[in-house]
Amino acid sequence: VTEAFWRTGIGRVRPNEILVRGYDLTELIGNRSFGDVTYLLLSGELPDGNEGRMMDALLVAAVEHSLVAPSVDAARFVASAGVPLQAAVAAGVIGMGEHHGGAVDAAARMLVAASESGRPDDEAASEACRGLRKEGRRLPGFGHVVHDPDPRAGRLFEVAGELGFRGRWCALAEAFEQATEEAFGRRLRMNVDGAMAALLLELGLDPGLGKAFYVIGRSPGLVAHVFEEQTRERPYRDIGWENVEYEGPDPRPLEEERG
Amino acid sequence: VTEAFWRTGIGRVRPNEILVRGYDLTELIGNRSFGDVTYLLLSGELPDGNEGRMMDALLVAAVEHSLVAPSVDAARFVASAGVPLQAAVAAGVIGMGEHHGGAVDAAARMLVAASESGRPDDEAASEACRGLRKEGRRLPGFGHVVHDPDPRAGRLFEVAGELGFRGRWCALAEAFEQATEEAFGRRLRMNVDGAMAALLLELGLDPGLGKAFYVIGRSPGLVAHVFEEQTRERPYRDIGWENVEYEGPDPRPLEEERG
Amino acid sequence: VTEAFWRTGIGRVRPNEILVRGYDLTELIGNRSFGDVTYLLLSGELPDGNEGRMMDALLVAAVEHSLVAPSVDAARFVASAGVPLQAAVAAGVIGMGEHHGGAVDAAARMLVAASESGRPDDEAASEACRGLRKEGRRLPGFGHVVHDPDPRAGRLFEVAGELGFRGRWCALAEAFEQATEEAFGRRLRMNVDGAMAALLLELGLDPGLGKAFYVIGRSPGLVAHVFEEQTRERPYRDIGWENVEYEGPDPRPLEEERG
Amino acid sequence: VTEAFWRTGIGRVRPNEILVRGYDLTELIGNRSFGDVTYLLLSGELPDGNEGRMMDALLVAAVEHSLVAPSVDAARFVASAGVPLQAAVAAGVIGMGEHHGGAVDAAARMLVAASESGRPDDEAASEACRGLRKEGRRLPGFGHVVHDPDPRAGRLFEVAGELGFRGRWCALAEAFEQATEEAFGRRLRMNVDGAMAALLLELGLDPGLGKAFYVIGRSPGLVAHVFEEQTRERPYRDIGWENVEYEGPDPRPLEEERG
């Protein structure tokens, strides 16, 4: 192992001492909220304002959505098969993919690109929407299969207003919502991912951290679902052979084995 | 990193050379079957008889069971969320828990314990069955929710007979099936896990490797299901809010925030 | 799918409405801390006192331990191989096993058993310690490879005192520490897992939720490490062939293939 | 759940019957090799020639590479933390990312694109190489950190020749190797991923299945490593605090908590 094969700017452990981004972990415990410390880990600095409270709000927004999420459904199947709690949660976490939380990252990059175009918000948003429309692609962070509007989006912006984070990125996201009507023929309301994307940028975080709100924020929900599955349901959940429609080849005989 | 922090008896890599348990990997490629090499990895030695063909049969027995398995169902939910193929497969693999493949390990240990009792097979089996019955526990490797009998079990024993592996462990497993009638009030037929347990021991493998047949053998099935989900179905599968029955507290107002 | 195949007491989703244990999620966002809502998900009820702040302290205690943890090391290897952020985090989460966070669950059950013995704390603790010692087993939640004492344990108890949670379970855990000297020949100091176990019980949570503090609390640390690996290090980290000591069979020729 | 919410062309389960792509699983067991059945699952059809033997060779080529792979290293860390065998294997499988097996998919697409250009192999390859070079991107499937040449690549092509699969895709891949000298200033030898990419196409499989050889083929290696870790090494492997270089902020005091 070469020198500094393992190096990190995140934390340091020595006997009887744990440092997190320069702060003594024991001082953080009990003095700083989970949102504050999450912000510290992701940004490198402790909040000097309401960033921690905004972080808490963002994490709570992601905390639970019943069984209406691939991650939760997967975690419950895995939990039913008899595995340790953390392993079933992990199966759910894997599922926070491009289509399940991934829109935060994508929407944030879209907002950054629109901003860097140097054009007024409404023009930049219209152009971006028309471009996606032409390519037949979806607008990340807008529209929702179940909710219209997604109540979490409006509430997050409300809280952002109270805490001082309803700035230019929120305004730009709203311009995108405005622009959808013309580009897509109907108003696509901002969903929770779109609101998270704007607030990620308001907090000064990297778009590449877009999935963090789900990965961290949904973890209590996943723990609760796995625990419920393992304590209230019978083991071994499967979809049931009667409920599967087989569309493959009809039964066919195996030819004689090759000689 | 201390000396020999990383050490292994499994393989060695040097520039332009890969050794597997002492054999040159390039010689194994094309000269030995996947079953042979799997046996080499798990036992430490290449087959000197039909072990590789028996291994192939055991892996094929585990290869596919439609959507009637928690691992496959979980993998398809995760796949639908937009993740790389291997990550969705991994979510399924996590789910090969105590109740989904875990019976191979448990049944093999049960057979070993019965054998070590030194008593005749039928007596040892009867006593073990009665003991489980008294404790209200299930007999690992016998009985199946869908199949009665599980066609894979009989076929594996048939193949074992052809290949020379239908020995004492198979006989002992059959004694257990015999003993179920008296102990449980009905005949519990040996299932695929029970047959795998006996054949694991016939192959001289450690009971702790019981899940290997599923982990390795089901992997092509999982790959096929993930690929099918991602190429034939729409993204983001969830169970649908209309299909979830909520049993929690009725809607209740949030009290005023603590002062 | 049979009726109520999917049911849950955790949350309900309907168009434009998300309920968590009876509360409207939009009301929770911005009004309740992440610790409060985590407590709600795990216990079923919102805190009526300081439970949420205690939860925050427990989660912060688990948030980061540099690369001195199997979960973090695994996540960084996986991250280096080029996978989405959440998938690398999940690899780390899987690793929160029996020896890495699992002691919270085990220690909590031990405390409950000692309490149910009906004997005075010191006697119950002594007996339990002697029992483990006799069986050659380790005392879960006491002793640490790096820290002596583990600074997180003392700090958690200090915060618990401030918030009103330093009750009987904390006292019992301290009795165990006292008892180690006689039973094990040296004082094994309570570590962070032991303190978490006592506080889990003070919060009225189920021992089966012992890993929740790590699964939830370490998630920001895992996100930070994965992000750091993917943005600061070169792809494809492996241990290096020069650093692996091979202990397997010497090179040996492949026999002729079976005819 | 709507009708045909769950549907599949892969397999059908009914009581006492398991169908795989139309074939009775019990007939496949013992009559067809694991390579044959893997080919059936991935392509939809049983081999009518040597496809199964080629598949076996491809899987064996991926089976083991000591600890010189992120997947194996991750799996061993996770295994050391005390989790079930399949969960530790899954952590490794997650790690078969873009930089660890992902080149098979990428190289196969590159070969397809070159072929579709309609130009002679050498011209198409030269142009593709120059294009990548200009964009500063790596050529997927060529060059290796440890091996030069990668012995698995040559051996796979040799076996392909024996089995009748050394066709146009292999020739095209060789044209790419030829073209590297001019475009990159040194000969980049085809590695195992490049050879797999060509043979994936020779077998008529979809480039999207490129990772299958690793996901399936490495599984016995991962099982062996996890088992070795759990039976031969002490629990809880971490990198050791002395071996981590901390590059973060110097110790700094926590400011007074916000009022």
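Chains here go by letter, A, B, C and D, matching the order in which they are written, and residues are numbered from 1 within each.
Convention: a contact is a pair of C-beta atoms (placed from the backbone, for glycine too) under 8 Å apart; a residue touches a chain by one contact, two chains touch by 3 or more.
Given the structure is predicted, the values throughout are model-derived calculations rather than measurements.
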| item | value |
| --- | --- |
| From chain C, the most remote chain by mean C-alpha position | D |
| Distance from chain D to chain A - Cα centre to Cα centre, in angstrom | 28 |
| Separation of chain B from chain D, taking each centre as the mean of its C-alpha atoms, in whole Å | 22 |
| Chain A, residues touching no fewer than two other chains | 1, 6, 8-15, 28, 32, 66-68, 83-84, 87, 90-91, 94-98, 102, 146, 239-241, 243-244, 246 |
| Graph class of chain-chain contacts, one of line, ring, star, complete, other | complete |
| Contact footprint of chain A on chain C as seen in their complex | 1-2, 6, 8-18, 20, 25-26, 28-30, 32-35, 37-38, 41-42, 53, 56-57, 59-61, 63-68, 84-87, 89-91, 93-98, 101-102, 146-152, 154-156, 158-159, 162-163, 206, 208-209, 211-212, 214-217, 219-225, 227-228, 230-231, 239-240, 243 |
| Of chain B, residues touching chain C in the complex | 1, 3-15, 19, 21-24, 27-28, 31-32, 44, 46, 83-84, 87, 90, 94, 239, 241, 243-255, 257 |
| For the chain C and chain D complex, residues of the former touching the latter | 1, 66-71, 73-75, 77-78, 80-83, 87-88, 90-91, 94-100, 102, 145-146, 235-241, 244, 246 |
